[in-house]
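Structures given as structure tokens follow.
You will see chain A twice below: alongside chain B first, and alongside chain C after that.
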Partner chain A sequence: MPQRTRIVRPVSHSLSPPRPAAGLAGIRLSQRAPLAWAIPGIVLCLLFHYVAVVAGAWYAFTDWNGLSAPSFIGLANFVEILGNRNALGALVNTLLLASVFVVGCNVVGLGLAIGLHRTLRSRFALRSLFFAPVVMSPLAVAYIWQFILDARGPLNAMLGNLGLRSLQKVWLGDPNIALWSVCLVMIWQFSGLCMAFYLAGLQSIPVELDEAASVDGATASRRFWRITFPLLAPAATVSISMTTILGLRAFDQVMALTRGGPGFASETLATAIFKETFVNGRFGYGAAFALILTVLILLVSAVQLAVLRAREKRL
Partner chain B sequence: MKHQTRLGRIASICLAGCALSVLTAGAALAQTQVRLLAPASGSGVGFAAIAEKFNAAQSDVKVEIQRVPSGESYAQAMFTQLQAGAGADLIFTNAGYGAPESMLPLAEAGQLADLTDRAFAAEFPPERVAEYWSDGKLYGLPLSLTNVGLVYNVDLLAQNGLTPPETFEELLALCDKAVSLNKSAVGIAGSSPFYFYEAVAVGTVFVEDPDWSEKRTAGETTFAGTPGWTAAFERVKTMLDRQCFPVGVQAITPPQLFADIAAGNVLMAVGPTTLMGAVVNMNPAITLKMRPFPNDAAERTAAMSVYNDALSVNAKSANQDAAFAFLDYLSQPEQMAEFVKLAGGTAPADAAAGAFPPALEDMVPFYAEGRVHTVPHHAWREPAVRGVLISSGGAFLAGSKTAAEFVADLDAAWK
Partner chain C sequence: MESTRYRPLAAVREVLFILLALVWCIPFYYLAIVAVKPDMEVFTAPMSFPSTIVLGNFAEAWRGTGGVGLGEALLNSVIVTVGTVSLLIFLGSLTAYVIARNTQRIGGLLYVFFVVGIILPYQMAIVPLFSSLRSLGLVGNQIGMIVLFTGLLLPMAVFLYAGFMRALPHDYEEAAQVDGAGRGKIFFRIVFPLLRPVTATVAIMTGMIVWNDFFLQLIFLNGSSAQTLPVAMYGFVGEFTARWNMVFAAVCISIAPILAFYLFAQRRFMQGFTGGIKS
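For the complex of A and B:
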């Protein structure tokens, strides 16, 4: 009987490893069947996720205004972006915002996770409390913070009442501060997400390891850096990757808090895409920005994942 | 026998039910559904009320309003629908060029139907609404006249023994007075200050040269080459130095501005007539009036307005006749008057007759003397130029751009 029509046998309990298949034709039916079942799903995924993205990318090489027929203009949009100080500023802002967001979010999240891992009796309630902002709409969060950070808002009022007038700022209107005010709001909202990743990581670390080190006289700090921190590597990989993507594509918070301003002080690639496309009606130019952002996220995520996975193996 | 009678009754009821369903379905089939895309606030409220009346008055056409958030979200919805070939039959548009939802770029791309043959077209010739015509064709029904100027809190000024400024120097004097009162003289939506810059530039640029926009389009002049634009930005700088604005003005959004005016934190504000409606909704006890933004001399001050809000018909609509029917209905004076009562602005018939509401009575002399200019950006083909008035305008308010850089940015955006 030919191999492709071989009857599928029950799973063998033999300890010997399965024989490696020689090409697709050599794959046994038991191995091929799941692949065949996945094909419709893969096709739909490609159709609805990736074909649309690739088709959209084509507009990056056109002068499309959203209404008339697009004309192919080669790399002109990309050349214009590279020669535009504001566009490059948006790229730099995106990278800066994402970097500080990733570090801030993970440091705060890790701190919260360690604090709420054991010992505290109210830890379950506190975990919910710190995680709550994650499930809130970024727009709603941004509008609340817009009120808090208003030049005549509660934050400046509180600073004034505490005699700290020198610290009062125009948090959303000062070109030197606006981007970091947005970053602060993002860290406030998403540190609970990092906390959840790190809590999951902490709970997978056997308590015995910590206890044994403690019996051996290791200090709390030494136990953390030598045992806990290395074993949190898988959680860190997930948390850092997720926050990097969130940071690079920041949009809602920026639009609601500063609209990328004042001027271009807090403009990110995502807000630049929106403005060029829907405010200035330059759909082709906006698509070029979008393509840059997509490639940037892909590259950063791939490099980051490779580095973090290598670190996991090393540890 | 009794059983048969009961069966007969049931059969009769079923037959009657079926007949009713068929009749209802027939009526529904005969009725044409028309979709109108409009912003959620302002005009959207007006359209909803008129559509309700229209739907009740006849049974051939049913107008459904699809309301989406105003501003960029509206433009996004409109573009997406048009690109997908699923555009609404009736589309809310803005006059001329300069904004994403502007009518003339849509018309020139073949997206809007020609309305030149409609009866109302005679009321809106190119001499009256040039921003609605392209290649001798009319592309929208003007809904209301929007004035842009200096809105002042009548009672707040009177309580402090102050009068609205007639010259720029008087405005600066009011700024000093406001600081002593622990208030701000002038509120603006600094996060989107294009109307403010245009209001200032009317005095420094357009009073001198009413055809400046046409000359800029023809490449005969530039922003940097026109001293009036730099003068306008220098006036704004002077206002910043004299603390005319609230702290952090560059970050103030329109809703924050409305709240500031409603709470009496600012004596005056610069914005469109729709701003007045929004503030009165927040504080019905407030009395607001509008006058033009003052120039260096009272006799050189001019008003600024445009028939901004419009309704157009999708050129690719399968229900154009039904859409025209609604447009004709809306164009009647009675409906227009009701529309502006809800949506804000001045009805075209009232504007033509100079019959402005009490809040705009200070504007009447300017109309009588013909000292009125159209809002400049409606003549600017490139929306990015208005975008620069917003972005570089915000940076200028924040002190991170100079007037020279600002005018250079405006010229760079003009492709």
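For the complex of A and C:
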């Protein structure tokens, strides 16, 4: 079976000019696949992405309740968000959660990738195991952890058995801890994803580089920091961007573990969108949250991509 | 590959990683034992093995309570996932074929059009999509869910297919054309079968996203009779608070299909995510 590497090789000869416009039979290539065949796909993409996003952005400036006709109210929704401590809290929580999640996931994932790259005999089995949570439903994962983190659950029981009673916490019910418990669960689930990205990066580094440096007498740590780490830059770019989006969008885990509570202690922008729009029926106000999240994702991704790509070039 | 020899240090590393993996697996251990525990033992002995194995938990979870049972929810999830993936394979491959085989400028522009569609965050689109699908009577049923997922995931399918097709030689199509095959026949009989590897990737990636999604299914199906697994499970936990054995039996039922697929095609799952890095 052809390998998937064929897909990613940047071959685009069909688009570049030198390709003759006529096939063997003298029929033009573009006629073999008439544009009309793409119309259903184009219409779907246009409606579900372009039109819907523009319409959603427009609702953010209205007082729409989902039923009566929306009326334009300018920036009132955003002013309300800025003046509401809980709403601002959701923004801050989203940023905190995403930052710690990205760092945690990438550090753990990089560690796993380096450990499981070569040498170990059990590496294939272990890779599959660490990656398994990635394919599972975040909701299901969150429920497993809700039990583990329950005040009467196994984590506290284990701490008690080890004589560490002082470390026992109400992991999901303490406003100072709840957000970090959610973060821990997300790191457990997605470290395997970062591992896969870094493994793909490691596999693209030629062994000869490492060997040459080794022959020249470079120590293992020196080889890692001077050769491997810089060459992992493209993998890091993908891994960091991907986890950032996952972190900023955090919804399932929060809803399942804490429903944004206690109070608003672990509310994120995504849960705020859901609650304001579909629980409180404030479609316009919810859309304002969505616009903030959208701008945040685009802004952070753009800055990150610029910085990481510049880093790739420098290294 | 085997340039690094297996030294004693590696053995130590091997043991450490296996220990770490065991710790990493603790949640799976709890999932397995709590799902078959009797009610009384869930919290009295959270870490221990069940005294008797209660498979009845699965039967009870399967029937559910009052609302939709898990059996019905599982069927709904299968319908939505299979429907969406089939439509995506059909529309995605056809659209990408046009893009990849178009030598004029419009081919390149269409490609960009779909790539931008991937980048535009769907959160912003939810409110308008919800209200328009509601007015079309497509909220709260499987067809609406299939339409929604197809629309949202189409750019990704087109992107994956187009990347593959651009690297696909034209020779087969040209030979078929010489033999007098029509356009439809060339695509469905010659090109489509050649796309098998990327079709597998598209099916795995989009199937997994649809199966695991909770946000959209909660919004579009909550309280309806077409509840899928994640929505049913969410309601289920609300009703069965404190009956963790019941909840875990439900969790097992919901992740079993995807884990089975994963065991069967691990490499494809990983490559589906990391395909972009290797170039």
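By definition in this document, the second predicted complex is superposed on the first by the 270 of 315 C-alpha atoms of A that agree within 3 Å, B and C clash if a C-alpha of one lies under 4 Å from a C-alpha of the other, contacts with A are read in each partner's own complex, and residues count from 1 in each chain.
Basically, a contact is a pair of C-beta atoms (placed from the backbone, for glycine too) under 8 Å apart; a residue touches a chain by one contact, two chains touch by 3 or more.
Just so it is clear, the model here is predicted, and its values are computed rather than measured.
In the superposed pair of complexes, A:Arg152 makes contact with chain B and with chain C alike.
Once the two structures are superposed, chain B and chain C can be ranked by residues of chain A touched, with C on top. Once chain A of one complex is fitted onto chain A of the other, the partner contacts of A:Gly66 extend to both chain B and chain C. Residue contacts after overlaying the shared chain place A:Phe48 against chain C, while chain B stays out of touching range.
By the touch criterion defined above, A:Gly160 reaches neither chain B nor chain C. Once chain A of one complex is fitted onto chain A of the other, the partner contacts of A:Asn280 are limited to chain B, with no touch recorded for chain C. Of the two partner chains, chain B is the only one that A:Gly173 touches; chain C does not reach it. Contacts of A:Gly263 after superposition: chain B is touched, whereas chain C is not reached.
Legend: residue contacts after superposition of the two complexes on their common chain; A:Pro206 is shown touching neither chain B nor chain C. When the two complexes are superposed on chain A, the residues of chain A that touch both chain B and chain C are 66, 150, 152, 274, 278, 283. Looking at the complex, you find that chain A touches chain B at residues 65-68, 86, 146, 150-152, 170, 172-175, 178, 258-265, 274-275, 278-283.
Of all the residues in chain C, the ones that touch chain A in their complex are 1, 3-4, 6, 10, 13-14, 17-18, 21, 24-27, 30-31, 34, 43, 46-47, 91-92, 94-95, 97-104, 106-108, 110-111, 113-114, 116-117, 119-132, 148, 150-152, 154-155, 158, 160, 163-167, 170, 173-175, 177-178, 183, 186-187, 196-198, 201, 208, 211-212, 214-215, 218-219, 229-230, 233-234, 237, 244, 247-248, 251, 254-255, 258-259, 261-262, 266, 268-271, 273-279.
Within the complex, the chain B residues that touch chain A are 72, 75-76, 79, 82-83, 100, 105-106, 109, 111, 190-192, 246-251, 253, 256, 382-384, 387, 390-392, 394-401.
Per the touch definition, chain A reaches chain C in the complex via residues 1-15, 19, 21, 23-25, 27, 29-35, 37-38, 40-42, 44-45, 47-53, 55-57, 59, 66, 115-116, 118-122, 126-132, 134-141, 143-145, 147-148, 150, 152-154, 157-158, 188, 193, 196-197, 199-201, 203-204, 207, 210-211, 234-235, 238, 249, 251-252, 255-256, 270, 273-274, 277-278, 283, 286-287, 290-291, 293-294, 297-298.
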